[in-house]
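Structures for review follow.
Both of the next two complexes hold chain A, though its partner changes from chain B to chain C.
This part shows the complex of A and B:
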């Protein structure tokens, strides 16, 4: 009897516990659908948790450097763009270069010499900002003593490369101050994208006086970007920096365009986990989880239904490098067959799911007026034909091929999908190998792979940022493929003054290279964002650059007016600078 | 007693030396470099960076130099966060991890011992079953499930606490509970087991025969004996709360040193990896020492010397 009672108790307990667990999961799933229950078109709370003069955002991780001359990561770039201002700034929607510290400029007939006329402006400590601050900054960028990972950005300037190699003195750099407010820049090539590229964070002026001052005080000048020392010339100035927690920025009253800056304060958190950042957005701890924070792919289908979800194309291409020296992939026919057997539309629709655009082109269509090649994204019949031409009647005749990627759930899913497509369409057996990031990089650098995944984010809006990848002397070309014909085609295009003719020449070069297929482009990136409907002044653009100076809180937004579309126009609204 | 403690502390030195040598060798044998990235770095720049950190010197020389710096208390520079020294990063993050572990420890002891006592003195009643089934669930649910569930219910549904972050007491609660629960569950089972073992022993019978009140017997005699397994468990548990907070710190974005344990290794941030390994090793050794000493106080049969 006692034993029976005991078991009854245990069973009752199990049932109760089982119910508890079920209830807990139900509560969790109800939360996910909670907003739908209340018919809210927004994901999470829409009542700002702070005043209209403030904004809370996320910048995904602790930046490596906040020093424009040394920074090489997007999280640092985000801060630099908003605390420093260069000669030109990018239009927040179109990214076209607009006057900034330079009010206007002259371009020489050969397109290689630019003369910039600087407006009178001051640093945040009141010091005058002069052309010499630009000369100091750009010399420092290429100076091998600086150890800048982005020194190569300065190779576009005359003597930049030679200085970096230690073959020339820094004074010889093609950046000279004519007087305190006139700057002359001489380029190696007449780059048509130069003005667009010039808004990049590597080209910001630096407060030379601060470096001298710190040295005189015996303080390591590497620490100059810390809030207690930093002097800047951008829209905001950092006032607090809690390592790996958050940074606080206040409006820089000395900024030349301070009248356009709407917010007084911005709190920038550093939350790495995409899910955590999303939770914080739901709870109202973020108004905008930031441009560099991706949304979790598994939530994408759900998030798309909300009004505060936005997506826009991004200047990045996901592709597979092929080691073109190792059989059987040394045959361009096999490489092209592999590319044609990939159903990219299904890949983006069912695997990546973030609204990416399946593409077999290296240069995204429409980039700075460039007409994309529109290579067919899927043609299995042609693929089998090419494979047969290469001497492999069936895919089974092909030796085993290994596809490597760095350990990540996303890359794994893409690789598995492509493994299945190649198996199904061509009968080729592909082995997958995932490698830890630094091991993967070391292998990629030495082309120690057969096929490996890679992504490339363009630095500036010009096809060259992608096409350069395949040049013989490009350190990022991991394919072992090199062609003097291709190199010459690009060189000739860059010497061409006529913009349209140049784009046509670049297009020809891209077609030539992709016919050889040293890499297999898969898709063009998109950026997906959650932005609270009361935040205005954020535009979608393909470089994901969102200047804080245009952002503001719309007090007229009524959180109780949950009519569909009430806050929809974030990406188009606001005053766009002329 | 002090002599024995000093002796034990001295014994830590060769152990620490072995740990330094082994971790130095392991971390440097791993392929890849701290300066490799998707984008090629000009070779001149790479040389300059390697020279800055002394990676251009032969390995034995680097090791001797590292030991020398270590003796001066200098753990080196981080390559991932070039503006921070490893000392600074640890000084920033370790108090956070410590306070998180302290909350987790308090929670686990409070809940664990209470549940254990209830289970033991009400053995085979419904109270016992509830407590022990809860403990079973607690042990079985990993922190990466419990954490998000707590966030969903407590933060996003009930709006009681912030979902993540660090700064005031509200931020400590959820990560503390998440980290502590699994230990609370183990402590409950250990307390119950330990107490049940002594409950039938002679000295408890003697205490009862003396006419001591039941509560006095539980608190003074049974608990003292019953807690012995818990005490020996606490040493490694505290160490593993400190080292095992990686997941919890990621979920709740706690700026402790947990995530570095993994990230620094991935980034090949050599000096940071070494610094964290040494810190954890030191704590592990220290905790074991503390447990041995506390054991001596609790159980008269154990002679610390």
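This part shows the complex of A and C:
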């Protein structure tokens, strides 16, 4: 190795680009040596590289939107959840709705009208926060002029869908301010999951006065989330945003619950590569690689032995969208053949390796009593039959198919494995294309792809959060597939008062949609993460929501005491807030 | 200078043929190269590598049934063993086969891109220099401007515009890599075009085109070969760098760059996925650079035989 390094050094001096490779090798040899010396029960350094008032985390990529009314990706959601506060907040461990801006609420007998009583609170610029800020935000969410991909979240309110289609005025929305601190919300259906859903980031209040102020000053109001303008009401406020480097958040002193916020400052980096993020964690550059950073699959078996490795079930489905308009994938037979040719068990066991559960269903099992469809996952013989039925005797007859995914080793590994499965089982040639997250989302939105990777995280604990994806009016339906039959099936289910019957109807709708296969579900997520033993106040929950306001640095943790079990498992015995 | 040498030796050859046996430039160079053990060894290593890369995967396929693409997830990443001397990768594919095919891709990209570069550079340099005056200034300023632009940036733009195919990758690398050759050839032709044989050709009414292609370019071959041998390794590195970024050779097709990229991500747990492709790459670059240096020394007439 040393000789090799020397050779490479000689060449690197001649050819400038060679330096990259040399550095790589040096890094490799250093890492290999470092690995053998390690005796610690923790992965990497356990001495914080900053004071106890600070936390360094990662958020995997540059978010597309930080605007609650427009955001639809998890990297943006992570920021919004911690800079804004809605009517209710989710309990960090159980996700049960807790009072937030609303102190209490009344529910009408038919379960469709909610009256929220707001606490007196202020925005970060000192303005009073009123019920009108919620009305403004929710009207903006469904307003067709906003063009929100998550407008569908507002369809649960009376007239939400009609407004979004342009058939009704925004003022008619079923969200009305009775006085400055009382808000009345009228729902279309008596949704059992409404309060749980209400903590979602789409339902945050917006500072209407800021929008007006920016307009008066002649500034594009789309820029309102920039740190120089932003006004928020959550636990933290963004003070610095370096493109593709990091964001800095400071504690918001005017937050209503500022007394329980323990950290003063949070630095959020944007490192896409899972391996780089992991190496930065080892070096102490991250205390927690963050909510949306996955761990590299190759390291799973190795990492499981460390005490700072944690895993918990996660309500998310990893799937491939299919553009159902472009041949040859416009044929449902071809789409089903593709799905049947994927060996999901091998995929989760040998490629993703994080304890995921291979599944061809859209809705994960056990959600609010919902029984999964358990569609047969792997049947290459049937797949070849279906392909032949569709008129392609062999896969070679099929034109080249492109599979796109956002830049990440994990997605690439899954894509490469599936590329080989389709090649080996069906003889189909697939080309891979990776794109940066924002570009990728823009392409997905315009259905500018043939097959593309996506993950969907349940926004609330009800099967509808997944089934809604395929409805015609859903801004996150990227498949070009829509069916009025399916839409009616879901509508009828939601009007159903009997919970059992509702679930049965939803199940029927799922079976109907998956027979058309506008998407190929691959597996149900499991969240695996690394958390430094001195970080406290993070709980595992199935929506992977980790509010920063509860996090703190435990100064009593002794980094020199490397005995097994010296650090408490933050995931299990942190104090759960009331 | 090369030309002088050639003329001297040919005059010696005709005038004093009984006494001294004439040696051409190429014979001279070969003699000098043979004395350079490092260069010779590098040449042999390269030849072996090339033969291995070409025959290896075929033999492995015929005798052991390995191929570079068929994944076997259950088999998974295995450390080196007798069946798999380089181990297997994350998808259970034989790493030796993949490294050999990757080296094959890297070598061919290196050679073809260097050839494209040499071809464009030689013609451009010769035309520019022979034309002289305003045309020369203009053509050379274009080269200066291209030189000033970040090289890799240009290649990345070209790859993005042209698409990610292997053939286009040769072209993109070659299309940007010809600048050095153009400068070398221009300098060479600058002195050549003042020589008597060019004057003779011109007075016989030979067209500029024929002068450039028949008389000037063949005489610049020495320096062009030297630049060529030194361009090959840099092209290989650039292809590796592009593949490392995910812009070069696309999966499942391996190249040394993408193999090293995968290996670098996994080096803590599956060390062999980095060590083997990395070592082959290092040996290849080392050999190519030494051979290039050797040829340069051999063709330099100022070097004593």
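The rule is short, and it goes like this: the second predicted complex is superposed on the first by the 344 of 578 C-alpha atoms of A that agree within 3 Å, B and C clash if a C-alpha of one lies under 4 Å from a C-alpha of the other, contacts with A are read in each partner's own complex, and residues count from 1 in each chain.
In this text, contacts are C-beta pairs under 8 Å (C-beta built on N, C-alpha and C of every residue); 3 or more make two chains touch, one makes a residue touch a chain.
A quick note: this is a predicted structure, and the numbers were derived from the prediction, not measured.
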Per the contact definition in the header, classify A:144: touching chain B only (first), chain C only (second), both, or neither.
first
After lining up the shared chain so the two structures overlap, which partner does A:298 touch, if you call chain B first and chain C second: first, second, both or neither?
second
With both complexes overlaid on chain A, does A:275 touch chain B (first), chain C (second), both or neither?
both
Counting only touches as set out at the top, which of chain B and chain C does A:152 meet: first, second, both, neither?
first
Chain A contact check, chain B vs chain C, more residues touched by chain B
I'd like to know which partner A:343 touches here: chain B for first, chain C for second, both or neither.
second
Touching partner for A:473 - first (chain B), second (chain C), both, neither
neither
Counting only touches as set out at the top, which of chain B and chain C does A:242 meet: first, second, both, neither?
first
On chain A, positions contacted by chain B and by chain C:
10, 14, 17, 21, 24, 27-28, 31, 273, 275
Which residues of chain C touch chain A in their complex?
69-71, 73-74, 76-77, 90-92, 152, 230, 233-234, 237-238, 240-241, 244, 246, 250-252, 260, 264-271, 274-275, 278-279, 281-283, 285-286, 289
Which residues, counting only chain B, touch chain A once they are in their complex?
30-33, 35-42, 44-45, 48-49, 52, 80-84, 89, 92-93, 124, 126, 129-130, 133, 137, 148-149, 151-153, 155-157, 159, 162-167, 250-253, 255, 259, 266-268
Complex interface listing, chain A residues touching chain B:
6, 9-10, 13-14, 17, 21, 24, 27-28, 30-31, 34, 44, 62, 64-65, 70, 72, 144-145, 147-149, 151-152, 164-166, 222-223, 225-226, 242-245, 269, 271-273, 275-276, 279-280, 282-283, 285, 436-439, 441-442, 445, 454-456, 474-476
What does chain A use to touch chain C in their complex?
1, 4, 7-8, 10-11, 14-15, 17-18, 20-21, 24-25, 27-28, 31-32, 35, 273, 275, 296, 298-299, 301-302, 343, 346-347, 349-351, 407, 409, 412-413, 416-417, 419-421, 423-424, 431-432, 434
